[in-house]
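Here come two complexes built around subunit A, the first alongside subunit B, the second alongside subunit C.
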Partner chain A sequence: MPIEIAKLNYVYKRDTPLASQALFNMDLQIADGELVGIIGRTGSGKSTLIQHLNGLLAPTSGTVIVDEIVVQGTSAGKANRDVRSKFQILRERVGIVFQYPEHQLFEETVYDDIAYGPRNLGLTATETKERVLQAMDMVGIDAEKIAQRSPLHLSGGQKRRVALAGVLAMRPRKLILDEPTAGLDPRGREQLLKLLQRLHREWNLTIVMVSHHMDEVARMASRLVLLDRGKVALQGRPEEVFVQTEKIAQLGMDIPFCVKLMHRLKELGWPVNSGIFENEAVVEEILRVVQASKDNEWVRHSRNGPEGRASC
Partner chain B sequence: MLKDITLGQYVHLESPVHRLDPRTKVIITLLYTVALFLLSSLTSVSLAGVPILAIILLSKLPWHYIFRGLKPLWIFIVFTLVMHFLSTPGEVLYRLGPFEVTREGVMQGLTVTLRLIWLYAGATLLTLTTSPIALTDGMEQLLTPAKRIGLPAHEFAMMTSIALRFIPTLIEETEKIMKAQSSRGADFDSGNILRRAKSMVPLMVPLLLSAFRRADELAMAMESRCYRGGEGRTRFRPLMMRRSDYTLLVVAGLAFILLVVWR
Partner chain C sequence: MALITVENVSYSYPDPSGQPIPALKNVSLTIRPGEWVAILGANGSGKSTLAKHLNALLVPKEGRVSVNELDTSDKESWFDIRRTVGMVFQNPDNQIVATTVEEDIAFGPENLGLPPREIVERVEKALRDVGLEGMRTRPPHDLSGGQKQRVAIAGVLALGPEYLVLDEATSMLDPVSRREVLETVRHLHENQGMTVVTITHDMDEAALAHRIIVMDQGSVLLEGSPVEVFSQSHLLIQAGLEVPPALDIARRLWDKGLSIDPDVLTLDKLVNVLCRLKSLN
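For the complex of A and B:
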């Protein structure tokens, strides 16, 4: 079932001199099985928004509906028992992986850390074990080698996988990730993105990815949502969004290199398809176009066109 | 909850109270604290609230912001009040089984409670109107004479300012970890004491780890900027006593002396 956000407002430190509004009348829908990329500068409200999705923050006004569970008004901390169990259900359905999730690891062994969530749900030891093993398998951790080691002695990339497994062990239907690749080296980043894509495909998880890296979100997401100062500034399929170069620049964000390259080539008269975001696909497209133009030599002569020097 | 802690939280506003030299404010707060304990009658302790209220008015801080911090103290206040009501011998006002509420008890209880509230308000006002850096600079200056007897004034001030500086950071960190663990189904506020204490482990371990990490990073950053203790350090913003500071100090000092003499 989808996530529906309507007229969402959120004010931090309400009723104090330090009050500041983070979200303004936001409307947003996220359908099942989508892979949505949320992009925005620091302070644009990305993190505030995602914390509403599992009831960590409750709207100052407006509603958030997740799987027909309505979140509004009362804050999670002061909620009574009914509301609290509602939040428990919500947290089972929606898993949030925070920035630098490896900082929340605390158990003595990787196994116990991943089992923390299932145990909180009150599952039996056998069920817990099944979930932990499955979660480890999902994120590609070798259970035999690592399960009994201390999570604090793993490498950065592995720690992050363990943390991710800790959330997946809750078996959420929706996975929200805040800057999942922050602080990873290029290889670790690539592996993590591949992993997320696989989770999306094989487990049909709805994934919401928050980032300020256009490049990585662009080729993953089926839809992009650009936030600016607590409002949705722009949204749509990546190729639709990236056409609006000026607006994106205005919002202080960068267009992925590939897109820039393709746009520039198009400007210079090359008939390339600018709706491509994957590096390899871009190379192939350029090769294809170059090949095609060689075949029709007249194309180059008729326009006093480019010699393939795109400068960007 | 965590948000309610106002002690040690500076609110930046433009007001005559904010503009005062931190040393003035520290000295006046100290004098005020001592004075509070010198006063003994309910009337005089009530009157001691006048300067506090005046300062709140001058500081432009919202009222509720100062007194909201009292919330965690409620139990303590009520306890004090009841203890005094019941345990002071004197003229009996009301009898309930073996307990007697006495007139003296009521007076005493109110006095002590009021004193507690003013004390709290005074300390809170100091930190709300003085930035932590200004405050520790002021402390350091005031403690400088004690350097001669071997008191490490600078190191003390630096430690205090770092500790203060990290209160909000640690609160933020705590909230972050709480949120992360809540997302994994943690429940921090139900169950008996034992269960609650146990539920703190997933919070405390990451918090301690990150505190150590931060301390390490901070030490490294300070050393790479050649920090070598207080010897020969100059200030970017030297503290300045204005005429208003001197006037206020003289007035406060006189009031204090009068009080001691008259008592």
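For the complex of A and C:
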């Protein structure tokens, strides 16, 4: 079941002199099995938006529908008693991994930390164990070696996996991640991204990830949603979004390195495709053009400069 | 002499059972005035531990760190050392103490017990240096991540430091904020001769430095100019790092038989090299 957001408004500290509106009349759909990247400057509403997806925030007005569970704006802006259970179901279905989730590890062993959620669901020890072991397997943690260790003794990348496993043990259908690679070194980042891709592919999880790293979301996401001051300013496939260089710059975002390179070469008259986000693919594209230039007349053409543009 | 020297420094943290876990093993290096040094390393490589030794937030268990000839193990010198070496950390929200930008920047100089006129002068200069004159009366929590980090930098500048240490100060910021902060640092470095030490996971940021120090498992693995360090890509990858994207692409093209310079670290350079290559065809 998709996520459907309609006319969503959210005001922090409403009815006080400090009231500030974070989301304005937002409409957004996220289909099952999508991997959506949410980008935007600090304060653009990214965190406010994702907290609506599992009921941590309830709309000031408007509707959020997740798996046919409807959360509507209430006059108080807070959940009342009869919708509590609804929020409970919502939180099982949608797992959120916050920034630096490893700061929230607290149990004495990795096993207990991951088991915390399932135990709170009232599952039996056997069911809990099954879920914990599966979650550890999903994130690539060796249960035999690590299950009984203190989570505090693991490396940064491992801790983050444990935190992710704790969310996966709830068996969510949708996974929301806020800056999942922040603070990780390049190797840890690469491993985590591969892991998310695998979860997406093999478990058909719907994934929504917030990121400040354009290279990362361009490679990962099937669709990007760019927020600006509480509104959706731009959305589409990464290649559609990053083509709009001027708008992106205006909105204070960056363009992935590969796209920047391709655009520069294009300006210089190279017939390259600019919707490329992997270094490997860039290399193939450059080689293709260089090879073609050896073979055909494009060299002569571009030396003169097509249509008077700069060329090389 | 104005210089930071780290000589044979070892440091360990105790694990919960009291066993020492080594974080730095016999590290020696020098930070010279006017330099821009980047410290790279995987998570857990010891780079933040090293940074905290530069202004006596940590004191070596073995070896010696001196800042302008003041030994950091001498408690009497801590006040002067911390004024000389300013630090900016990762999370801007943890570094802000006051309710307006100018009060926040004034916090340090007020604690130095300076006369009011000098405090005002220092705050003014710091505001100018980070380009936040227009924001002086704003509450810091209203600012963007990059602006908050610039407030944190201004707060450090108001103490009149000679060295600025940035410990992953751009890692939580959006792309524009990251650029803003780096521009501010570059301005301080180029126009005021500020010595800069940046600890980072961002290879493009490291490529801005004169010198890169790569930490691996508590030791210095590599040291040299960006071109020298990034030429050792296999060692970097072993240490959990990577090379800047421009160089990675250039390397791969070179592997495929194109003749490409090995010192391509930036987009501009890569574009130039490719142009030259094509016009040779």
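Here is the rule we use: the second predicted complex is superposed on the first by the 289 of 312 C-alpha atoms of A that agree within 3 Å, B and C clash if a C-alpha of one lies under 4 Å from a C-alpha of the other, contacts with A are read in each partner's own complex, and residues count from 1 in each chain.
Rule of thumb we're sticking to: a contact is a pair of C-beta atoms (placed from the backbone, for glycine too) under 8 Å apart; a residue touches a chain by one contact, two chains touch by 3 or more.
What you see is a predicted model; the values in this text were computed from it and never measured.
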*Figure out whether A:Ala182 sits in contact with subunit B (first) or subunit C (second), or with both, or with neither.*
second
_Quick one: is A:Val241 in contact with subunit B, with subunit C, with both, or with neither? Answer first, second, both or neither._
neither
*Of the partners subunit B and subunit C, which touch A:Val64 in the superposed model: first, second, both, neither?*
neither
*asked:* Between subunit B and subunit C, whom does A:Met170 touch in the aligned arrangement: first, second, both, or neither?
replied: first
_Superposed model, subunit A: greater residue contact from subunit B or subunit C_ = C
*Which partner does A:Leu121 contact after superposing on A: first (subunit B), second (subunit C), both, neither?*
first
*In the superposed arrangement, which partner chain does A:Asp254 touch: subunit B (first), subunit C (second), both, or neither?*
second
_Output check: A:Ala221 vs subunit B and subunit C. Expected answer is one of first, second, both, neither. What do you get?_
neither
*asked:* In the overlaid three-chain picture, which partner chain does A:Pro101 touch, first (subunit B) or second (subunit C), both, or neither?
replied: first
*Shared contact residues on subunit A for subunit B and subunit C?*
152
*In the complex of these two chains, what residues of subunit A are touching subunit B?*
13, 15-18, 51, 54, 56, 76-77, 81, 84, 88, 91-92, 95-96, 98, 101, 103-106, 116-117, 120-121, 152, 166-167, 170
*What part of subunit B is in contact with subunit A in the complex they form?*
1, 3, 11, 13, 61-62, 64-65, 176-177, 179-187, 189-190, 201-202, 205-206, 209-210
*What residues of subunit A sit close enough to touch subunit C in their complex?*
40-43, 99, 150, 152-153, 155-157, 179, 182-189, 212, 214-215, 252-254, 257-258, 260-261, 264-265, 268, 270, 279-280, 282-283, 286-287, 289-290, 293-294, 299, 302-303, 312
_Touching residues on subunit C, where the partner in the complex is subunit A_ = 15-16, 41-45, 90, 144-146, 168, 171-179, 201, 203, 237, 240-242, 245-246, 248-249, 252-253, 256, 258, 267, 270-271, 274-279, 281
